[in-house]
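Here the chain labels run A, B and C in written order, and each chain numbers its own residues starting at 1.
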Amino acid sequence: MALNASTISDNELFFGHKACAGCGGSLAVRAALKVLGPNAVSALPAGCMSAVGFNFPQLSFANNSMITPFAATAAVLTGIEAGLRAQGKKPDDCTVVGFAGDGGTADIGLQALSGAIDRNDDVLYICYDNEAYMNTGIQKSSLTPFGAKTTTTPAGQHVHGCLTNKKNLFQIVAAHDIVYAATASVGYLPDFVRKVERARDMRGTRFIHVMAPCPTGWGCGVDETVDIARDIVDTGLWYLAEFEGSALSGVPGGVFKLDRNPKEFASVEAYLKRQGRFRALDEQEIAEIEAARDAAWETMRARWC
Amino acid sequence: MKQFLSGDEAFAEGVRLARPQVISAYPITPQTVVVERLSDMVESGQLQAEYVHVESEHSALSCAIGAAATGARTFTATSSQGLLYMAECLTYAAGGRFPIVMMNANRATALPWNIYGDQRDSLALLDHGWIQAYAKDNQEALDMALMAYALAENPRVMTPVMVNLDGFALTHTYETVDVPDQAQADAFLPPYEPAANCFDFDNPVNIGYSAGPEYNKYFKYFEHHDMLSAPTVIEEIETRFAQLFGRHYTGMLETTYTDDAEVVLVTLGSVAGLAQSVLEQLREEGIRAGLVRIRYMRPFPKDELTHVLSRAKAVGVLEKDISFGGEGTVFTNVNSALLQAGMALPTCNFIGGLGGDDISVTDLCDIYRSLARMASQQSAGDHVRFIGIDNVGGHE
Amino acid sequence: MSMVEVLWHGRGGQGAFTAARLLGAAASLGEGKYALAFPSFGPERRGAPMCAFTKMDDAPIGDRSAMQQADFVVYLDETLLGADWERELKPGGIVLVNSAKPTAYFGDQRIIALDADAISTAYLGRAIPNTVFLGALCALCDRLESIDVHAAIRQYMAPKLHDKNIAVVDAACAQARVAAQAFGEVATLDNAEALGADEPTPEVVSSQDESASAMHPPRPHSIICTLQAGELDPQQFAHTTCFSAGHLVTKNAGWRNERPVINGALCTGCYQCYFYCPDGAIYKAASSVPVAVDLDFCKGCGVCVSVCKFNALAMISESEANRA
């Protein structure tokens, strides 16, 4: 049965947290835990969701959950899974799941993530991507997109924000021939929930990269989180895709699949202009962003459809 | 059963007998043999454990933390830069009160890059909340592996334990070791059954949260307070160990001739064996020499130490370590204990064995003779002396 | 002159600390003048209640701890003005509150209301109330000259903000002088009406401090983090960092200045508002309206309104909700 707003569990396993109003990351964690259920064991590194989720004595996870060293989300997941299995203590419906941000995943946590995928440990890793180090106050990560203003990539007279492109994390993960990987957005929650459900019911390492806007860091209204998370997909600046590794697909090297292939993209300019972080971009830079998008989609459409 | 084993191999045997359920480790010289042997044991079925090939020391300890949070008995091992690389995880393990046992092969820290033994690595991390034990020989290394679990898992202690073996001098040196049989080991160390501090599917828990200023102090207070239970628990464990295995250990310290000694050398690790060997000769020379080997640096055996030094007229501290710009870390700790006990006597720090440098019988005799001079003159002269360094300017 | 202390109450993102900092800068420009400014330390979350502090003195200030009582307590958001406001006020101190209501409404001669949203909107085009109170403090605090506040703005704000904010400060200073003159007269409720209070409300009670749960229809039976009462004993909790999952001790009280209200006639029960709520504050209700809002935990983000295709939800201001 496909999960949707009506059929998803009433459990609120991530509740009472102190995330900013309109936080996309907290929506991703809340929705994922509804799918994974109360026997999920979650682990979170230093970052927004652990900072707002567990501050003793306010403990906002109703399931077994723990904090990890920043770089070590995947390694701790491995340990939890191995420990439960070694003792025969792992319930059938137990998913060992990590929730880490973009910096915790694509920067400091990438090595540990790579190790876990390499070992094909039976864990689900969910990266909630708000495109900067938001917990420390909006600093650039390797998933910060070109042109975004952060406190370490200021938009001034000389430079208009972040000069590097967003690291291609999804394909880096897929290149490990991971069992299953997917991208998602909290703007398209049924798609995200479906992918979490799929991942839940597989064994081996699974990875989901979910776009989770941060109104504080992106410079938009707190009520715009979901809308902007749809907009980023509709503009083609983010994409909804899945990768099934060779073990799952039976195809050497695995198979990519685009879950959403818009005939026409929504306006990139409008998307950028509604966010304070892109305010300094000029026409040429916006054109560059569009061109990069088009090039990426040309490849994706050629190879993933 | 008697076997001729290196320190690494002996420790691996000790770990096998403790039946850890999850082992995560990353290779580094001179620790490597431990994890190789354990891999073989898992492969052959001698040891039923999940062996996780982590991609770094940081992940090695993080994985052990995750496993410990499920209530599993865990093991990891490292050395030198590897220990420093996992340093932040040491505080997670200690603050989380996970009873992890880790072997550290004591090795110099870079730069210059050097793979040989000294104690700079573990002593640099003395303040990270782990109980630190230092073995003298391979038999003690094996026995400490077993006893470390009993200590770490004791409900009064609940603190991770690092057992240190001098790189090469112990890890790669072979000697006869008595390896207990599994039934005896099982009788000594039953399976780990955590009363709390682990995931529970009937009553879920959150583990390892943040805590603001009004709560943090309590966690830190008990982290300290509970480690102070270790000396009593160690005594209980060693009594039981002696009953089962017939080998007697002496708690926080091991002393030789301290009852009547005027000059006492305090040291730790395998060099104590060498120091012991010169005591007779010195006594024939008329120097009433004694030796204290620190077996546990944390918790620091303050009271035990000042008790055995109560008759000394001069105290030397020999360590393979220097806290640059200060003095040897062990020396600082010893002096602090003496001062707090109101014992004003000359003390001197002998720094040697850095980067695997040899400490000879002659060096030790010279140390004791200079201590004897200090005792008669009631003055220490230079408080920090480097063994084997002459005429390089600035010293002696 | 002894130390003057200012305690700023705001929500993350409202600029309370910016104001505290500008105030400190202005107050320490002169020779022999000293100030400290700092926020309540720790992770700041947009919308979450937070504090900032300014200390001003004629000598270097050694005490860097948060003040318990202040000469001026400023509320950038009137919903933060709770029933126990007096606790933080020194004898002779003054409370400044951002409110469209007249000062008389608050019924206490120590509370002065300023419509900082209106003043800032007039000059900045947006309601950014923080610098209004810098102007107000120029009028009320002897230590502070508006010329120094202007200088601080020029030194520490972006150039394009200088003129507008200086205009805000001057306008606020003028209004505060008027308010200060009337200050002594707003002594009792009896004359409140005479002074133009359209609705006398003797009690200042933050709507979000008190549980609204009595009015909530029940949540469906499910697993959820729940509020726990009772003292925590360090002997019990501090030997490990392991504790009951889902143990809550606080609501998200005070996070909102708006709340969602549901129009039952338009609600179709599609549950999108419930599905997309980042806080799980909207839930399926077994009542005539299919969903309900848990006001103990709603932070007022408005995502629910944005995802409702049937216009069945709308945000209303907390003060409006309180009147209703």
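Some notes on this structure:
Here, a contact is a pair of C-beta atoms (placed from the backbone, for glycine too) under 8 Å apart; a residue touches a chain by one contact, two chains touch by 3 or more.
On a predicted model such as this, the values are computed, not experimentally measured, just so you know.
Geometrically, the chain at the heart of the complex, using CA-atom means, is A. Among the remaining chains, B is positioned farthest from chain C, on the basis of C-alpha centroids. One simple way to say how far apart two chains are is to compare their mean CA positions; for chain B and chain C this gives 54 Å. Centre-to-centre separation between chain A and chain B, using Cα means, comes to 43 Å.
Taking each chain's centre as the average of its CA atoms, chain A and chain C sit 33 Å apart. Across the assembly, chain C contributes 237, 241, 243-247 as residues in contact with two or more other chains. Looking at chain B, residues 204-209, 211-212, 215 sit in touch with two or more other chains. Within chain A, contacts with two or more other chains are made by residues 38, 51, 56-57, 59, 61-65. Considering their complex, residues 4-6, 8-24, 26-27, 30-31, 38, 51-52, 56-65, 135, 186, 189, 215-216, 221-227 of chain A touch chain C. Chain A contributes residues 38-39, 41, 43, 50-51, 54-57, 59, 61-69, 71-72, 74-87, 89, 91, 94, 111-112, 114-115, 118-119, 121 to its touches with chain B in the complex. By the touch criterion stated above, chain C contacts chain B in their complex at residues 42, 234, 237-247. Those residues of chain B that touch chain C in the complex are listed here as 95-97, 158, 196-198, 203-209, 211-212, 215, 218-219, 221-222, 226. Across the interface of their complex, chain A is touched by residues 12-13, 43, 45-48, 219-225, 227, 232, 237, 241, 243-252, 255-256, 270-272, 274-280, 283-284, 297, 299-303, 305-307, 315 of chain C.
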